[in-house]
Structures are given as C-alpha cells and as structure tokens.
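In what comes next, subunit A is part of two complexes: it sits with subunit B in the first one and with subunit C in the second one.
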Partner chain A sequence: MSSNAVSLYLDPQIRDWVLFPITLVMILVGILRHYVVILLQSPPKKLPRAAIREQRALVRSQILRATSTNSPISESFYKSISRNLSQAFEAGTYLKDGPPKADAPSTPPNPLSDPNAMDGMMAGMKTQMVMMVPQMVIMGWINFFFQGFVLIKLPFPLTLGFKSMLQRGIETPDMDVRWVSSLSWYFLNFFGLNGLYRLILGGDNAADSTRDMTTPFAAGVPQAPGQAQDYNKLLKAEKDNLELAEGLYSWVGKDVEQRVLRRYGKLHSSL
Partner chain B sequence: MSAPNPDAAAQRIYLPNVQHNSALMTVKFLSACFTGATAGILGLQNWLGFALFLASTLSTSACIYVINCKGRPAKYMPGGLWELVNPGQDNMFSFVLAWTLFFGIVHVYD
Partner chain C sequence: MDLPSALQKLSTFRARSTRASQETFDKGLVVLKGNGLKKLGDESWSFLEQLALAAIDVGRLDIADRCLQLLTDKFPGSPRVDCLNGVRKEVTESPDAALAYYNHLLDADPVNVAFWKRKVSVLRRMGRIDEAVSELVELLDTYYTDVEGWLELADIYSSCRQYTSSLQSLAHVLLLAPQNPFHVLRFAETAYTAGDVSLAMKSFLNVIDMADADEDAPLEQVPSGFTVRAWFGIKQCARRLQRERLVSPSQTPVPDHLQLLDELATERLKTVYAGRDKSDKEATEVLEWLARG
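Up next, the complex of A and B:
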C-alpha cells in the first residue's frame, strides 16, 4: 500500500528541462498550426454571376419570409415582391443555366465529378492533415526523449485504471497513480492550452484541439453550400414557402393611427 | 412591447453585442488560471482544489452579476444565468493544468 506521507524527491533539472520545454513547445506548435492553416487556405473560388444570382435569389426570398408576420414593409410592397419572386421561381428565370427545358431530366450534379465541390473537400482534408500531424510528431518526440521517469505529482487522485496510461515506462506496480510520466503532462497540456490559444489567437483559431475531435468527414463537406444541389427543386420549394408566408403576412404599421391615438388617450375606447 | 414568440425574440438580439460577450469568456479563463495557480501554490489537494475552483467561479459570477448585469443577466446574455456561471470545459482543463503546474513547481520540486 503506498503511503502518502512519503514523497519522492525529484531533481529540479527535470523541471527545467522537461516540464517547461514541453509546455513551451506545445504552445509554439499550436501557434504554428494556426498560421499554417491560414496560409494553406486558398481563397474561395469566385462563382460566375449567374450562379451567384441563383444563390442570392434564394436568400432574398428567405429574408422576405423571415419577418412576414411582423413585416416592416407595407402590404403593396410585400405582395408585389412576393408575387414577382414566386413567378420567377416557377418559370426558372433565376436558374444558372436558364429555364429548364421541358424534356431534360433534372439530375443534381454528381459531387465527385463536379470540380467545384471537389475543391471544397480537398481543402477540408488538407486542414485536417495539418492539424493531426504535429500532434503525432510531438507524441513521438515525448515518448522517445522523455520516457522512463516520473515527472510530476498530480494534485488530485485518479483510479488505478489510469496507471497504465499515465505511468507508461515506469515499472513500479504500487506507486501512487498521482506520480505520472511526461506523456500525461502532454495530455494535460493538450486539453488545457485551448483557453490560452483562444486568448492569444482569437476565438476562431485553428490550434484548438476540440476541433480535432470532430470527424474528419464533417470538415470535408463542400464549403460553398448548394453547389451540389439542384436549384430547380430548391426554388420550387421556396416558392411554396413564399406562398405560405404570404398568408401569414401582417404589417407592423397596420392600424397605427388608432394605436397612437389610443396611447395618448385621445380616443375613447368605446369607439 | 414584449416578444411572444422566440423568433421575434431572436430578431431583437444585436449581433455585435453578443460577439463582445466573448470578453466574458476571457474573464472566466483568466480567473480559472489564477485559481489554478492559487490552488497549486497553497498546496491544496483532492477535493479542496476543486472546491476552490467552484468558489472562485461562483464569486466571479456574483461580481459580474451585480456589477455588470445589475441583477438582470437575461438582459445582457442570451443564455441567461447559466451562461454567466458556466465556466465551460476549456476553463476546467485550464484550471487543472495551472493547478498541476504550480503544485509541481512549489511542492514537488526542491
């Protein structure tokens, strides 16, 4: 049974040459990762005007619909914009390739063959590789150079299950789990430095280890939304939504004269 | 005029102000780091250290609640009271890191 009264004496040189260097290296590598990802990002591909018009038409109708129950524009404006958009969506005037021909089968472009979507997926994969490789390298470095000795004592207790992971390389069956090796210091830093990165590099930084936890293929989703989607179907669905919103429409300023008069008490409530 | 439905309530939120609320996260992170350092230097172990973290989180939140939010956190933060008090997973790990570091420097090494 290990007694907590006896404590190990550790050489201060371990502190100087292992503890601080590992932390320093991890901070610097994190900052390096962040800037490498920024440099590796290619600027977003410029879409041709017709494609942008198609996307913007969808956004315009969504904006119009968003405030339809409490709308700031008056009835004639709202209804005219809404009807104009509905007709355009029905006829397909905003589509990138023009109104669909009556006999052409409408199939969405295959994401693997569409070059635009491929670029998006490659960019996502590149950033994932950049973020995973330094972590593997540092772990290998630590396992090679800093193995076989006790580094630090954890101030909190852990179960025996952690012993194999945290005391790797130290063959002492009944030493307290709180005395750990360098690899566990690596793990502590791995989780604990995210806050520091957020402070130094800003909120949306690429050095954050919580982002590595998400599946790689979640980041492989095409960056420009809608390039692999069939806009014809989308616009038709949007037309139905527009008609629904038109039914729910009500102007903010409706009966505003009555409301103002009532607020100032100039109107008897019986009228 | 109160907003009866959540959609209208969401439209009333001014986005740049919400982004400025990241200053709150900075405060939480710094307080977690200093709490870790304090716990390490004092040599607190086991549950005492976590109790100090809890106490510091509560006192920081209380200060912000009284001084900044003036008793109405729902007016300043979309998440309300829980968003004010919650330190977040990142800050928890930062506390443990700082605690371990200072405990090691002061109490383990000569």
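Up next, the complex of A and C:
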C-alpha cells in the first residue's frame, strides 16, 4: 500500500472528547445496569410442596433404575418399590393437581395462563428492557454526534477483510484498515467489555449485554421451560423405563457368597 | 494450640460434618479469642454456625448466643439462622414452644427441609412418635433423596420394633447411597432382627464384599472395625441356617456353601481374637462361643 505515505493525524481532542467518553460511558452504563438488574430481581418464588413433589417424582425412579443391573436391594424390595412407582405414575398420584380427569384435554398447559410462569416472563422482559434501552440510546448518541469520526489507530496491521468491521460508518475504499471509526469502536466495546466487567463486578454479573442477545428470555427465567412441562406424560413414559429396568434387574448379593469364598481361597474358580 | 491448626481442623470437621462438639468448641474458642474471624473472611459465617451448634451441644449457651447474635446481625431473616435460633430455643424453652416456633416458620415457608426436620425431631423427643412418623413420611415423599431422613425413619421404626418397616426404609437408604458399607451393615442387622436370616446373611456377605474389594490379599489382613461385626453376623446366620429351617419373608434363597462360610467366618474371627492375652475375658468368651458350633 503506497498510500501509507499519506498519514492521518488525529486531533488529540478527539481522543479526549470522543474516544475516552465513549469507553467510559459504556463501562459506567454496564455497571449501572448490573445494579439496576439486582434491584429489579424479585426473589425466586417459593414452590408449594405439591409442586416440588411433582418435580422430584421422576428422580425416584431414576435412582431405582440407576443401579438396577447391580442393585443393592434384594428382589422383593426392588419389585415392590418398582411396582409401587409404576402404579403411582399410572394413576398420577404425584401430579400436583391430583390425578388427571378422563375428559381433560391432553394439550400441554399454556404457559401464558399460568400466573407463576407469567411472573417469570415479566422478570425476563424487565431485565431485557434494562439491557436494550441504554444500548440503543448510546448507539443513537454516537451516531448523532460522532458519525464518521476516526478515533484510534490499531498498533498492528490487519487485512482488508476487517474493513467492514473496523470502519463502519466511513465509506472510503482506500483508508488503512488500522483506523477505527466511532461506530466500530462502540461495537468493539459492546462485545469486548465483558472481561472488564468480570474484573470489576465478579464473574456472575448482569452487565454484559451480549449474553442476552443470544438467549432472549433466558436471563431471568431459568425455570420457565420446566413449568410448561407436562408431567403426566413424562411420568407415563418413565413407567416404560421402569419395566425395562426391571428386566435388567440383578441383585448384587445374588452370588456374593461365591465371590467372598473365592477371595478367601475357600472356593476355587473351577467350582 | 495455635490458630492455623485450629482453623484447619475445624474446616475438615465442617467438610465431613463431624459432630465432635467438645473439640469443635475448644478449637472454636481459640479462633474466636485469637481474632480468627477476620482471617476466615467469608468462611467465618459457616464457622460461627458450626461453633454455635457445638456450644449448644456442650451447654455453653453464652458462646452460642454470641455466635447467633453475630449471625443475626449479618443475615437478618435468613432461614438458616432461624433454624439455629430454633435449636437454641429447644435447649431452654419447652418442647411445645420450640414446636410452635417451627410450626410458625413452616407456615411461612412450607418447603424448608431444615425446619421440617427440626420439627420431626422435636416431635420425636416429645414422644409423639406417630406424628413424627407421619411428618417424616410426608417429608420423604416430597424430598425422596434425603438419606438422613430415611435413616431417621428407620431408626424410629426400629425403636418401635417395627423391623419390617425399618427394613423398607433402609432399602431406600441403600438405593440412595449404594456405596456405603455401614448402611448395608445396618440393613443386615435389621434384617436379622426382623427374622429374615437369609437376607441378613446375604447382606452381611455384601458388607464383606464391599469392605475388602480393594485389598489384594484379604487373607493376610486381620479384620477390623465394622468387618468384624459383619463376620460375627455371618457366623451367627450360618449357624442358625444350618440348624433350623427358617422361612425368609423376602423369599431370599439360603446362600450356598453354608458349611464353608461358617468355617471361613470362624477362621476370620479367630484371627481377630486368637492373638489376645489369656486374661482378656472378651476374647476367651468369643473363642468359646466360636468353638461351640
């Protein structure tokens, strides 16, 4: 590139009045947002006992199945527990609203009709708003005042492919790729400040705005997908697994005496 | 005793939830007086909880109150501190008052396991066993994975001589913690007491199988600790199974090679007791017992 001979000189005022303010404002907004999100967070809702029981019903059979090929309990105990669970799953004993009625529609519950799920979703929306609004304002501010500014020169050379990334808002075919425009500086900060936030606010901070761009709604509602689950169906499916596990069942004590005798040399392997 | 070693010891106690109350208390006092709270940083709160419980255990309520005050100031309204306060109340106030306190807490937060368990324990202490059992059963129905709860239930049942029910609770314990030979031993002994000798025998054998699974030459080892107990169990079961025709309620088949197992158990127990002094009354009694059958 022969155009290197023509170099740009940036006014130091640009550094003092544009580059630093943009960076500072973005950091401060991130920190502010972290605290606003903390303020907005409502404590997780306490589930009633029946709901917890329903959520944990599956665990029972999973624990039973986990060891079924080498089960620590003898056959009669295993069978009685297994049958008991099967029957309970079939009859819907563990469902929080009691056994389902025969004529009830079999569609999964609508998450919007459940007030608990609604609360969770509102919380998600709230944090989402806190995330998006300041970013939009900052971007508007930069676009309005500093459009077309060249802010900084990167200390290392880059290929032409980075031009659209680093010089957004400046339509020049010939400028060296190392020059960074104001809008691009905003985006670099937007994606790159997470490490800094982690240093300032600790690992579990709410300041990073890129996180909720990838997973909308996920930020505030970790349990939302669980609430829409149809436990009745899940438990019925688990019943089949139980039957399968019962077929594979074997007691760890089945031939334990031979193992012990062999270890102590009383019984030879040929026997 | 110096501060770092006390802190070290206390943190291992915390990690293993050891209830060595007197030792915890002594070491805790060293930490408290030696200004160790600042050194602990964020861990100081769990240390205070540990010290408060130990102090209540050894009856030094002044220290317990000091810890509780610090904790209450730091975490107002924390359920964990509420629970500690409840334990503190159990010491000085009547069980009825403690029960009312826990009921009140449970009304506000019906799913808190800690309160629920304390309530069960107060009920049991008051002798209201039936209520304790029904509360505990409801707790375990909600929180199936609570091993402590199942063990407590088994304990309550066996204290009421309901050995079959106790055995059923222990079966759940085995499912939840299949790697712990102590639970298997307890299961075996309960099975024996319940009259299910072949199930007991199998379970005792399981204990042995688990205990020396990672030893290379089990024959050269002298059995110690709970394996001695298991060998005694095997010996006793083998003896009874050879002499009597016993029906197993759980339809467990009688183990094969009873004769060999009997011999092996006798041998193993002899290695434990044969080396002892003649004057050791316990050893002579055991050897006599072994010689008898």
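Everything that follows uses one rule, which is that the second predicted complex is superposed on the first by the 161 of 271 C-alpha atoms of A that agree within 3 Å, B and C clash if a C-alpha of one lies under 4 Å from a C-alpha of the other, contacts with A are read in each partner's own complex, and residues count from 1 in each chain.
Quick note on the criterion: a contact is a pair of C-beta atoms (placed from the backbone, for glycine too) under 8 Å apart; a residue touches a chain by one contact, two chains touch by 3 or more.
Small disclaimer: the values here were computed from a predicted structure and weren't measured.
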Subunit B versus subunit C as contact partner of A:Glu257, first or second or both or neither: second
Which superposed partner A:Gly265 touches (first subunit B, second subunit C, both, neither): second
Partner chain in contact with A:Pro12 - subunit B first, subunit C second, else both or neither: first
Touched partner set for A:Thr67, first subunit B, second subunit C, both or neither: both
Which superposed partner A:Ile138 touches (first subunit B, second subunit C, both, neither): neither
First, second, both or neither for A:Lys46, with subunit B first and subunit C second: second
Subunit C-contacting residues of subunit A that also contact subunit B: 67
Sites on subunit C touched by subunit A in the complex: 109-111, 141-145, 167-168, 171-172, 174-176, 178, 184, 199, 202-203, 205-206, 208-209, 212, 218-219, 250-252, 255-257, 260-261, 263-264, 268
Complex contacts: residues of subunit A adjacent to subunit B: 7-10, 12, 14-15, 19, 23, 66-67, 69-70, 152-157, 185, 188-189, 191-196, 198-199, 203, 210
Contact footprint of subunit C on subunit A as seen in their complex: 46-49, 52-53, 56, 59-60, 63-64, 67, 71-77, 81, 252-253, 256-261, 263-267
List of subunit B residues in touch with subunit A within their complex: 8, 11, 22, 25-26, 29-30, 32-33, 39-40, 44-46, 49-50, 89-91, 93-94, 96-101, 103-105, 107-110
